[in-house]
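Each of the next two complexes has subunit A plus one other chain: subunit B in the first, subunit C in the second.
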Partner chain A sequence: MKKIVWALILIVLIWGSLFAGASPISLKQLVNGNSQQQLIFLTTRIPRTISLIIAGATLSICGLIMQHLTQNKFVSPGSAGTTDSARLGIVIVMLFFPNAPLLFRSFIAFLFAFMGTILFIYLINFLAAKNKLMIPLIGVMFGNIFGSIATFFAYQFNLIQNMTSWLQGNFSTVMKGNYELIYLTLPLLLITYLLAYQFTIVGMGEDITKNLGLNYQFIQLIGLAIVALANTLILIMVGNIPFLGIIIPNLISIHYRDYIKNTLLLTATTGSAFLLICDIIARSIIAPYEVPVSVVVGILGSLIFLSLLLRKEPL
Partner chain B sequence: MIKLTDLSKKYGVKKVVSKVNLSLTTNKLTAIIGPNGAGKSTLLAMISRLVPSDTGEIFLDHQSLKTWKQNSLAKKLSLLKQASSFELKITVKELVEFGRFPYSKGHLTEVDHQKVNQALAILGLKDLVNEDISTLSGGQLQRAYIALVLAQDTDYILLDEPLNNLDMKYEVQIMKTLRYLVKELGKTIIIVIHDLNFAASYADEIIAMKNGKIFKSGLTNKIIDEKVLSKLYEIPIQIQNISGKPFCLYFN
Partner chain C sequence: MKKLIRSFPLKVIALLILVIVSCILFLTYQTYGNWDFALSLRSGKLIAFVLVGIATSFATITFQTLTHNQFLTPNILGLDSLYTLVQTTIFFFFNGKQLLGSESVATFLLTIAIMVIFSVLLANFLLRKGQNNLFLLLMVGIILATLLNSITTFLQVAMNPNEFDALQTKLFASFNNINSQYFPIAAIIILILVIFLWFKSLTLDVLHLGDDQATNLGINIPSLQFSLLVVISSLIGVSTALVGPITFLGFIVANISYHFIGTYHHRQLFIGGSLIAIFLLIFGEFIVEQVFKLNTPLSSVIEFTGGIYFIGKVIYERKNG
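Showing the complex of A and B:
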C-alpha cells in the first residue's frame, strides 16, 4: 500500500516536472500534433526530467556510500573534498585543454575527484579523529583548500564567471544532445546495488569487515571510485547541488535503518523526488524566469539539515 | 593447530610483544591472562592477521598465516575484539547473519539460516532478533557480537575480553557456552580474560603474559598457583579451595 502511494507521488512529481515551465504545454496539444510543443517537450522537458531523476538518485546514493565507507553520518561528497577536487580538475582542463571533448574533460575531473577523496580518507585515518563531527569539518577545510586553488587559477585566467556559471547547479540548460553523459551513472548505481551487502559490512568498521574475510581497502576503493565518478558526472552535467547527499540518506536511515539492501531503492527515489520538487519550485517561483535549483535545494536542504541536527536522538 | 615462533611487535619504540614462542592446543579452551599492557590483545590481533607482526611467523594448521586466503581464513578463524562499536542501525538478526558472509556472500541458504538461528538460541537472543542493535544494553550487544562470531562457525574462535559489560548470569552463561563449543563441537577457543576465577574454573590451559613475553603457560592448575599469580600481578594473591574448585582472593 505504502509502495503504491509512493509510486503515485513520484508519478505526480514527474508529471509536474514535464508540464511546468516558461512555455505552457498541454497533453491535449501534444497528442493533437502541435509540433512546437512537441519540440519543447522532447528536447527540453523530457531530458530535464530524466536528469533530475538520475541526479537526485545518484547524489543520495553517493552520500549513502560515503557515510558507510567512513562510518560517519555527516560525510557526503560535498564534505569529503570530492566536489572541490573535481572542480579543481575542471579548472585545470579549462586552462590546459580548452578544446578537449566533454568525455576527456569529465575523465580528468573524475581523476581529481578520485585522488582528492582518497587523500581525504587517508587524512582522517591519519588524524584518527575520535569526535564524529571533526571528520566532516576536516573534509570541509580540506575541500576549501582545493576550492581556493581552483579559484586562484580561475581568477588569474579570467575563468571565474565561466566556472561559477558552469558549476552552479542548474537544470535549465539541460537539453537533448548535451545531457546524455548522465546515463553513465546508471551502471554505477547497478554496481552499488550488487555490492549493497558488502557496503553494509564495511559500515561496521575495518576489524569486523576483515574478520568476515572481506578486503576492506578494496571495497573502500571501489566505493570511492563509484562516488567520485558519479559525483563528477553530475557536477559536469548539472553543477553543484548541496546538502542532498547528507539529508536524504539520513532521513531514510532514521525511519528505515541502515541495511543498505532494504534502503537503496528508497534512498534513490526520495533523492529524485526531492530534487524534482526543488526544480519545480525553482521554475515557478519567479515564472516565467527561473532561479538555479541549487538555491532552492540549499534553502530547503539547510532547513532539513538543521532539523536533523536538532533532533533528540542522535543520527 | 596454531604455532607462534619468535613473534614480535613494536608500536613506535615500545615493544608490545617480544619473541613469543607458543603452541596452542586444539580442541581446548585457552585463557590468556596478565596485567594491563602485557600484549594480550596484540597477540590475538596478530594471530587473526588484523595486526601484522614485525618479526616471527604464525602457523595455522601447519601453513604460514601469511599465505592463507582472506576468505578461507574467515571460515577457519574468527576474532571478536573488545569494544567493537559502530553506529549502524541494523537488527540483531541482520548482524548475526553477517557472520555467514564467508560462506554465503549475502545469499543465505537453508544451512546459513540454521546456523544463525542456532547462534541466536545459544546466546539467548531469540526475543531480540528484530531489535535495533543501537537500542541494546551493553550486555545484550556483547551477546549479539558473540552470536555473530558463533554463526561464522570457525574452528578457531578468538575472543578479546568477551565478558565485558555482562552481568554474572551472562558471564557464567557465556563461559558455559564456550565450554560446550569446545566439548561438543570440537572448537578451539582462545580468550583474553581478566577475571582469574573464570579462567580457573573454565579454562583447560592458561597462558600468563607480562611485558610482552610469555610469563608462564601450561595446564590451568599449574598456573593458578599462589606464587605464580602473585609474581605475575605483583600483588599478594591467595588461593582457597571451595567445593573442590580453586578461588583466587586478591581484595586485600
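Showing the complex of A and C:
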C-alpha cells in the first residue's frame, strides 16, 4: 500500500515537472501533433525531468555511501572535499585545456575529486574523533581550502564569472544534446546496488569488515571512486546542489535504519522527488523567470539539516 | 632579555613599526609618477583596512571571551551573511534605487539596526542550544550561513535585473569593490563602539575567568552578554558593509594575538589585535598586488590561510587536549 502511494506521488511530481514551465504545454496539443509544443517537450522538458530524477538519486546515493564509508552521518561529498576538489579540477581544465572535449574535462575533474576525497579520508584517519560533527566540519574547511585555490586561479585568469555560472546548480540549461553524459551515472548506481551488502558491512567498521572476510581498503576505494565519479558528473552537468547528500539519507535512515539493500531504492527515489519538488518551486515562484534550483535546495535543505542537527534524539 | 621580549610596550612599538612600514610601502611602491592617482586610489583601501582591522579584532576577541571559545568567531557563525541578507531584503522590499541616493547613510544605519536585533536573537538561540557542544555550534553556523546566503541569492535573482545591476556594485562590497561612501559614518560607529569596549575591558577580563566566577564577582552576565552581542554585531555589520564578508580574518587575528601578546588583559589584546589585523591586511594586499602581481583579491588568500590554520588548530587541540 505504502509503495503504491509513493509511486503515485512520484508520478504526480514527474508529471508536474514535465508540464511546468514558461511555455504552456498541454497533453491534448501534444497528441494532436502541435509541432512547436512537441519540440519544446522533447528537447527541454523530458531531458530536464530525466536529469532531475537522475541527479537527485545519484546525489543521495553518493551521500549514503559516504556516510557508510566514513561511519559518520554528517559526511557527504559536499562536506568531504569531493565537490570542491572537482571544482578545482574543472578550473585547471579550463586553464590548460580550454578546448578539450567534455569527456576529457570530466575525467580530469574526476581525478581531482577522487584524489581530494582520498586525501580527506587519509586526514580523518589521523583523527580518532570523539565528536561526530568534527569530521564534517573539517571536511567543510578542507573543501573551503580547495575552493579558495580554485577561486584563486579563476581570478587570476578571469574565469570567475564562467566558473560561478557554470557551477551554480541549475537545470534550465539542460537540453537534448548536451545532457546525455548524465546517463553515465546509471551504471554507477547499478554497481552500488550490487555492492550494497559490502557497503553495509564496511559501515560497521574496519574490524568487523575484516572479521567477515572482506577487503576493507579495497571496498572503501571502490566506494570513493564511485562517489567521486558520480558526483563529478552531476557537478559538470548541472552544477553544485548543496546538502542533498546529507539530508535525504538521514531522513530515510531515521525511519528505516541502515541496511543499504533495503533503503537504497527508497533513498534514491526520495532524492529524486525532493529535487523535482525544488525544481518545480524554482520554476514557478517568479514565473516566467527561474531561480537556480541550488538556491531553493539551499533554503529548504539547510532548514531540514538544521532541524536534523538540533533534534532531541541525536542521529 | 626575556623580560624585554615579554614587555607589552615593546611589542606594540614593534607592531607599530611594521604597520607604518607596510603603509609606506603600500602607498608609495611603484606609483609610476602618478602619485596623486595612486594615492587617492590606495588611501581609500588603506582607510578601509584600518577600519576593518580594528572592527574585526575588537569584535572577534570580545566574542571569543563571551563564548569562552577560541574557535568561534562572529563570521563563522554567519553574522556577516546576516548583514548581506538584511541589506538585500531592505532593497528588495523598498524601491532600491531611491534608497541609494541621499538617504544611503540612513539605510545603512537601518540595516545595522535590523541586523543587530536578529543577530542577538540568533546568537542567544545558538548559544543556548549548543552550549556544551562546540562542533554542533560550528556546524549549525556553517549551515546557517548557507541558508542566509541562499535566501540572499534568491532575493537577488528575484529582483528586477536592471535594478540588481545598478545595486550590485554599490551595495555588495568586496575587497575589489570597497564602499568608500560609508567611511565617515563607519568611522564614527567604530569609534563609539571601540570606546565602549575599551571601558568594558576590565569587565571582560573578569568574564574571561568563566561565567560562574564572573557572576560571583558581581557581574550581571545576561545584561553584559546582551550589550556585548549588540556591539559585536554592529562591528561586524560595519566591516561587512565596507569590504564584504571575510570568514577567517577574525579567527586568524584573534589567535595570533593570543600567542603574540600572551595575556588575558583585553586592553592589550585589543591594541595588539588591531595592529596585527591592520598589518596583515595592508602587508597582505601589498604582497598580493605589488609583489606577486595577482588579480586575486586578498580575501581569497585569507580564506585559504584561515582554512589551513583552522584545521591545524583543530588537529592540534585534538592531540593535546
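Note that in this section the second predicted complex is superposed on the first by the 315 of 315 C-alpha atoms of A that agree within 3 Å, B and C clash if a C-alpha of one lies under 4 Å from a C-alpha of the other, contacts with A are read in each partner's own complex, and residues count from 1 in each chain.
Methods note: contacts are C-beta pairs under 8 Å (C-beta built on N, C-alpha and C of every residue); 3 or more make two chains touch, one makes a residue touch a chain.
Note that the structure is predicted; figures quoted are calculated from it, not measured.
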Based on the superposed arrangement, let me know which partner A:F243 touches: subunit B (first), subunit C (second), both, or neither? second
Taking the superposition on A as described, I'd like to know which of subunit B and subunit C A:L184 touches: first, second, both or neither. neither
After superposition on the shared chain, which partner residues are touched by A:Y155: those of subunit B (first), subunit C (second), both, or neither? second
Who does A:K210 touch here: subunit B (first), subunit C (second), both, or neither? first
Please name the chain, subunit B or subunit C, that touches the greater number of residues in subunit A. C
Name the contact category of A:L221: first (subunit B only), second (subunit C only), both, or neither. neither
Where does A:S253 make contact in the superposed view: on subunit B (first), on subunit C (second), on both, or on neither? first
Dual-contact residues of subunit A (subunit B, subunit C) none
As the complex stands, subunit C meets subunit A at residues 129, 133-136, 138-140, 142-144, 146-147, 149-151, 153-154, 157-158, 247, 294-297, 300-301, 303-304, 307-308, 310-311, 314-315, 318
What does subunit A use to touch subunit B in their complex? 71, 73, 197-198, 200-201, 203-205, 207-208, 210-215, 253, 257-259, 261, 314
Along subunit A, where are the residues that touch subunit C in the complex? 74, 126-127, 129, 131-134, 136-138, 140-142, 144-145, 147-149, 151-152, 155-156, 158, 242-243, 285-286, 289, 291-292, 294-296, 298-299, 302-303, 305-306, 309-310
Which positions of subunit B touch subunit A when the two form their complex? 48-50, 70-75, 78-81, 84, 86-91, 94, 98-99, 101-102, 105-106, 132, 148-149, 152
